[in-house]
């Protein structure tokens, strides 16, 4: 009891442990698991990341709809939903060319607002994907 | 893991003769859908202070059959029994009440509350 | 006139932010009977595991059952699948798994201790333990890349290797945590007001612990030798210095002391692991599809966690059954409340360390 | 003139004191904590909220609790009779207790029960304190007490007893079982909402003024000593709050009534015979 008493008193003269959060940003470690980055030039369209992703946050959807040639992998476009992503980096491990085509950064996603249509936009993509399968 | 098949009638006697409360504890009841309206019910036990000794008593039943309750022997079985009622729709003796609540249940928090 | 009053605790209550309801029938403030209700939020994870996800993704699904014992859930599932696939993982991967498992136990126990203090009305202690818990959270983040959802364990090994700087940081932080924990030990045993709240309150006798199948720190505080780490050969716990911690009193104080001792033991295990970490790969590729049945148990911070997995040789599993520690302890909880004072109920409840997020899987 | 200004701004001073205390408490727990004006931000938020009236008496009693407490503070500032002040303060507590009993909530009932028991424990000490002041100064009038010299030495045991009353009134550990946030969710406060809760919230601030004004009576006309007492006791109460858990009602009554009464009676007997 007296140790807590003394501790409470000495804490009065210490700098608080917590930070003034929205004003002072949190520094994330270099290896923090954050957003997935994508390099289109290096991608070979093997679609391994799409298969590996547990929540299905990576979709390769044809640009033209319906696609003229289903075998044409270059006609696909990479879509990534940071709000669905669980940042497990399964996709990066599955990628044959990690660091060039797909990599993990330590950044957090922006706060989504209604105008972004995060959900609706994504549902449309999922629907498109289903149609073309 | 040792699996022992028992009939639905003898399951209570089998467990009663086997269960020593200072040596074994009930892990859980488990259901397994086998085929159309057939299922397997398992009673999974584990031994205290033994290397991975697990005993599973199981029986195959029709979905309409009632499985006996073992709450009088193992009081902690009540919660698993109530869960299995909800998860598989089987009937358990004396556990007609399920564990989960329907959305329009009167026992739901704030049910009957109108603002 | 009715002589008793019914006091509800939950399903929304300040002392317990989780959806469980205990209905106490009280005489003045003395509890004479308890009714419990746990099924408010059912998420259907067991069902989702068998219908929506392939077996190699389920490790990430079951990790979301609970935030605090995420590692135990994914570890148990992974162990079950590894059993079915019949592969052996490397020794280094095993050691790293224990390392994270024990770090998780340290922070989970600290959370429980702080919560018990808060429910006993000791706000400063709550803040103190929560503040010190950040030391553990920090090294978990360094090790796995995230604070809560570790996603560290993979079928076949672990996802990340440990660098020497991280290892050094873990050793340093754990040393600091150890000093703090010794400080709590002093506080929990010597604080006069805490002893009024904790000693002889909410006791569970050894016989009742056996009878009601109590598990985890709850049972160990009553003197029941049940610790799954002692009962499985899958991970080499005894090699890294695991010692079972028990106490004989069975009251809240005993539970706290057991938890504190377990933290110290876990820290010791982590230090042993880091000093004797074997060289080698962290990942072995396991081929095939799971076929057959497996029951795997692990010691989560709250007690015994069981996974039953049945595969049929395809990518979709037949059945995943999760038995979570809190779920199995509810009968024991209800039993302990009877005869206690309602003023102690929140502290007793917190000392069980209930995890309703696990229960409502 | 100054007195009436003080009376009018008393709740505001109380709010500032409460906000300051929250900052101090946060620092003692080694955290950032809320800004100083947080109680007033809370107030504006509460005013915006929809107010439910459980039953009219409940609400009226809650408002009456606040008004009576304000009058109590006004009486102290104006230097009225100390006995009146103490009994009027009891009346304000009774209003709150009745409000708690007038609704159906179990938590509210338990809170009222505990509040009543706590009043039973601390009221004798307050009355003995008044008697003590009378014996030292020859008058119950606060104005007279303020003109005399410091009485803390001759009333030291009563001062100690009064120290035990402060945590009860300010709802601080170890004697905060009447509010018991984690057990009965604030007790009597639970059924108040919106602007009506605001009255209770402001009553809490007035409680701070009441407690510390009574404390300063021990210093008499020595203003420096009064401020010193205030700072010392303020720190002490918060430090003890940060070093103890909440004890049960049973223990609260045993300790406060047993120890407090003994201390008080010893002091009075001492004053009468020495």
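The chains carry the letters A, B, C and D, assigned in the order they are written, with residues numbered from 1 in each.
FYI, contacts are C-beta pairs under 8 Å (C-beta built on N, C-alpha and C of every residue); 3 or more make two chains touch, one makes a residue touch a chain.
Owing to the predicted nature of the structure, the values given are computational and were not obtained by experimental measurement.
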Request  = Could you tell me which pair, C-D or A-D, is linked by more C-beta pairs in contact?
outcome  = C-D
Query = At what distance in angstrom does the C-alpha mean of chain D lie from that of chain B?
reply = 55
Request  = Round to the nearest whole Å and give the separation of the Cα centres of chain A and chain D.
outcome  = 53
Key: Distance from chain D to chain C - Cα centre to Cα centre, in angstrom   = 42
Task = Take the average of all CA coordinates in chain A, do the same for chain B, and state the distance between these two points in whole angstrom.
result = 41
Query = chain A: which residues touch two or more other chains?
reply = 1, 4, 8, 17-18
Message = Using the touch definition from the top, which residues of chain C touch two or more other chains?
response = 124-125, 128, 131, 191-193
Remark   = Among chain B residues, those touching two or more other chains are none
Ask   = Taking all chains into account, which pairs touch?
value = A-C, A-D, B-C, C-D
Message = Quick check on the complex: what are the chain C residues that touch chain A?
response = 53, 57, 60-61, 124-125, 128, 131, 134, 141-142, 144-146, 149, 151, 159-160, 183, 186-187, 190-193
Query = So in the complex, which bits of chain A are touching chain D?
reply = 1-2, 4-5, 8-9, 11-12, 14, 16-20
Remark   = So, in the complex, the side of chain D touching chain C is made of residues 28-31, 106-107, 109-110, 173-174, 176-177, 180-183, 185, 241-249, 251
Query = Which part of chain A faces chain C closely enough to touch in the complex?
reply = 1, 3-4, 7-8, 17-18, 29, 31-33, 54-55, 86-90, 93
Query = Contact residues on chain D for chain A in the complex?
reply = 24, 26-33, 235, 238-240, 242-244
